[in-house]
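Quick notes on the structure that follows.
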Amino acid sequence: MMPDIAQTGQVAGERLPQAEVPAVMLEQVSKWYGNIIGMNDISLAISGGVTGLLGPNGAGKSTLFKILAGKLKPSQGTVRLFGIDPWKNTAPFARIGYVSENDALYDWMTALEFVTTLARLYGYTREEARVKAERVLEFVDLKDVMHKEIGKFSKGMRQRVKIAHALVNDPELIILDEPLQGCDPLARTTIMNVIRELGAMGRTVIISSHILEEIERITEQIVILNHGRLLALGNVHAIRDMLDAHPHSIALSTDRPRELGKAFLDHKEVFGVHFPEEGKLIIRTHNLGALHADLPQLITDSGFSVTAIDNPDDNLESILTYLTGGGD
Amino acid sequence: MEADENPNLPDAEFLGQTGAKVEGQTRLEAAYGSGDGDEQSIPSASVAGGTKQHEQAHLGTVFDQSYQSWGGSLNPRWARNWAILRHHVYGLFSTGHRPYGIATKLILFAAFLISLGDLGMSFISAIFSETEMHRVFGVSKDNLYGHVLGFWPRNAICFPIIAALLIGGIISEDRTHGTSAIYFSRPLNRIDYTAMKFLSVAIVLFMLIVGTLGIYYTGDILMQGEGWAFFLDTLPIFLGAALAGTILVFTYSSIGLALSSVSRGKFFPAVALLGIFLGMKLIAFLIYVLFERSVLYLLSPYDCVAHVGQALVGTTSTYDHPWTWSLMSLVVINAIALYILASRVSSMEVTRE
Amino acid sequence: MAEKPRPLHDKVWSKLDRKATAILELTLRQYRTRLSTWAVLSVGVILVLITVLFYIEAMNSEIEAVDNDGDSVDSDGDGYPDGQENLLGTSMNNANSHPGLFDPPIPPDSAEDWINEDGYDFSSAKLGTSQGYDDDGDCRVKIGEVGWSSWVDENRNNISCDYFFEMRGFDLEVIADPNVDEDPDEDAYFKETLHRSFVLGFGKIGFVFVLGIFVPLFLASGLIRDEIADGTLHYLVAKPISRAEILLYRLLGYVALVWPYFIALAVITGIITGFMGPSDGFFRFQDLLVWFGIALAACLLSLAYAALFMTMGTIHKYGMVAAIVFGVWEFAMAMLSIFEPEATVSRLSISHWGMVIVDGFSNMAWPDSQYLIALGESTSRSSDSPWGERIYSDGMPGTEAFSSFFHTTDLTGNPLQDALIASGVLISMVIIMLVIAQSVFKNKEID
């Protein structure tokens, strides 16, 4: 997807006409294992910027990544990376970096040796590979430990080694399958900074994670999968807007919630108020935009003091919960 | 507050002292060392309303470890061991126990049929009343010996393969998958664990090697209609062969389990077992043919057992050295294998290695 | 994006040397960190050393000399051995008839002079040509004597006191006149045949077979399977490199470890046996050809097995069970091909062709082996008859072992051609297996 500057979001199934070959293109891809469907008729195209891939466990995220990495073959549909099918031809991997969720590494190698040796598989000479490896290890902040054995690394350092390995060939498409898993908060921040920087450089980055707050901090472009189906893709806010059936809430903190609530009941877009706790007022509406427009006027007219205004469900978690049937 | 002022609160131990009240505030303060803010820099916890003797309890206290014995009832030891044994042996026949691959089960079944080959020949000779054929295949010293210790094809192909398949993952799978944690976090002795695994392999091998010997023996006697006199005459030979077969089973099991405890995979122990048995036999055979020196046979486990078996059954010895040497060598081989097994199992972590 | 995108029409089979050396180094370093590698290789070295020790001990021992024709005995007690009396024309049974009565009198020989006095004098390893010379004269003395003309030319080739070789059915036989080359040196014969049996037996069984199958079984089956099990395969697969390349380079890494190992072992054993074995000079140079054949067979065989086991390791579930069963089948076929070389079923096995290579080279290096075996088998122990009638029993020490290990190649009759054919068969087996392996691997999904 091109960065969604207009914040209009994409309806699933529609594709913008592309000027050049998109980095990733899936067309009606399905993958099943016997009776279990891993991916169910997914079509999407991704090119440029950071895209987050979300979904509960078993949604098909890892399956999707493995198909992109050429480890699995789609049972149906076509996959194209830079226009080439990765299962049949591994040439696109010259421009791709892949971080798998599997934690296995060659523990007996040092970080530098690991990245250098695998870099040579792209066709670099020993010298070239070593220089690139050192540069990329510095980029992920492992420069002082690069001569230590990977077996002695902490979990966060191991993740960074994997990311370094994925970046060594200066890829245009970087696929990260759960890069933040098991990392301590410091490592997480480092890695997220790296990812954001990559996105800012114009690379295509696809990242999957369970940690929704961090995805929110990195990107606004998301793809939501559930039970192997594509539920939504596009800008977070645009998706939220489109979920008309799911009522929006506005949370107001005030010392006179009930009185303030009465003032809102007259507004035609408000269909409900409720008071979750002392000092808090939640207003339910179907049309957030209209209500937002009238909100300041209503508050000043009521005369009550409001200490905080919040959109509690304009975030990924509530979208995800709603979309994946977590209930509301 | 004294402990008996509030009799409803259970007697508890807190901060190493009995009788202190365990209430929320106290817990919190003890945990986070939070106070009014003007305490000394030494991290300490104040016990809310505590007795005079422990007004300032330091966070560095070591708690009194007083354990009460568990009053529950435990299965007798044999029941627990039987559970392990059952898990391993029944897995061959039914689901819900240790899974064996279908290839393994098929090969074991084929081995069973091959082992009964001589019974089949004896049966055919009985049907057609071929005395010549029966003289070749019926019960005799050589045939009883050959059933358990004949090299070709039993000990060359059949028995090593089934031993290799059985011992393949028996201990290494626990190390790889971390299920040793399940075993050792239960009230199980490591000796029992090892012994039951050993028994499970040994029982299957015993059935296939000595059990079929027994079937052959009784079957032949019954089919030929031999009387009790024949039975009593041949019983010592049969017992000798059975004992030799048991020694073979024991040796296969101990070497196999030792190899399985050393490795992490299913494949290395199996191949190493084949390598030790067949490879050593081959090298010793080569030396014998070239140099007429049979002493290298002492390094080959199969030949040691065969030699001892020859002495037990009473057939002619095919080796130039005395059978007591082979017995000694067998004892040494088994001792080494069991030592390796014991040391590896006793140092096995209760976590995924 | 800073630069323009890299072209993707670069085929994956590009910059082979860089990718190949990268994977080769990776494989070698992986082997170095594994305990199983060291264990297997050192067990191989230990086994080789043990057998070489036995060899050295045997070479240092002496075989006692046997008087095969019994002519060192002094039947009539006149102090002259029967053989001497027979040669000089006096009666062996009459104490009053002995060469001491000649003018000038001839001193008596000691008994030792008449033991091992008539050794093998065969000049060329050819069928039909006349061979042999009667050193002790117990046939030659009768040449020209009346009534003995048919006796001295029993084999009817119009040459007295000789023998020739002939193929009777599948067996090579000695068709001989009596008392020719009938009392050879046991020790010399034994040392020569033992040496050759050792080289062949150890080469075929110990080297080519035991090492040739166990080393690949331990080292090669994990080439792909371990990567899958450890979860590190995707580092190799998600790269611009074809899956077939991965297989090939991994195998190359294995070869880089194992071939030097085999060659070094063969060279060391060849040098030790070359110096310790019986020879006219200080070193048996003709053996080098055989050791070359052994090393070649071991290398090709281990490569073929490696390709096979690597493939089986990739097929995951029952691959390894199949590998074990196959290994035992190969064991059986190798035994068959050593002890029953005419059995054609062994041609289905890989190990048979390795044996053919060794046979081919040994036939080239020692073309007279068959003849030596035939002679050895036909020589008898001392018998009661003073005329040394040949009794087809016993044979010379060392003949049995030698005849069980030495075979002629029966494909084309020319040993060099046979060795080359066998090498070709092995190499084509390797290629076929790699083709199968890469098509299996290309379709393999990696979870």
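Points to keep in mind about this one:
When the chains are written out, they are named A, B and C in that same order, and each has its own residue count from 1.
The criterion applied here is as follows: contacts are C-beta pairs under 8 Å (C-beta built on N, C-alpha and C of every residue); 3 or more make two chains touch, one makes a residue touch a chain.
Nothing here was measured: the structure is a model prediction, and the numbers come from that model.
Relative to chain A, the most remote chain by averaged C-alpha coordinates is C. When each chain is reduced to the mean of its CA atoms, the one lying nearest the mean of all protein CA atoms is B. Look at where the CA atoms of chain A average out and do the same for chain B: the two points lie 50 Å apart. Taking each chain's centre as the mean of its C-alpha atoms, chain A lies 68 Å from chain C. Centroids built from CA atoms put chain C at 42 Å from chain B.
Against chain A, the residues of chain C that register as touching in their complex are 1-2, 5-6, 8-12, 14-15, 18-19, 21-23, 25-26, 29-30, 33, 230-232, 234-243, 443, 445-447. If you check the complex, the residues on chain A that touch chain C are 66, 69-73, 82-84, 89-96, 98, 100, 102-106, 108-109, 117-118, 120-125, 165, 172, 201-203.
By the touch criterion given at the top, residues 101, 103-104, 107, 153, 156-157, 160-161, 164-165, 263, 265-268, 270-272, 274-275, 278-279, 282-283, 285-287, 289-291, 293, 296 of chain B touch chain C in their complex. Here chain C touches chain B in the complex through residues 36, 47, 50-51, 54-55, 57-58, 194, 197-198, 201-202, 205-206, 209-210, 214, 217-218, 221-222, 225, 229, 317-318, 320-325, 327-328, 331-332, 401, 404-405, going by the rule given at the top.
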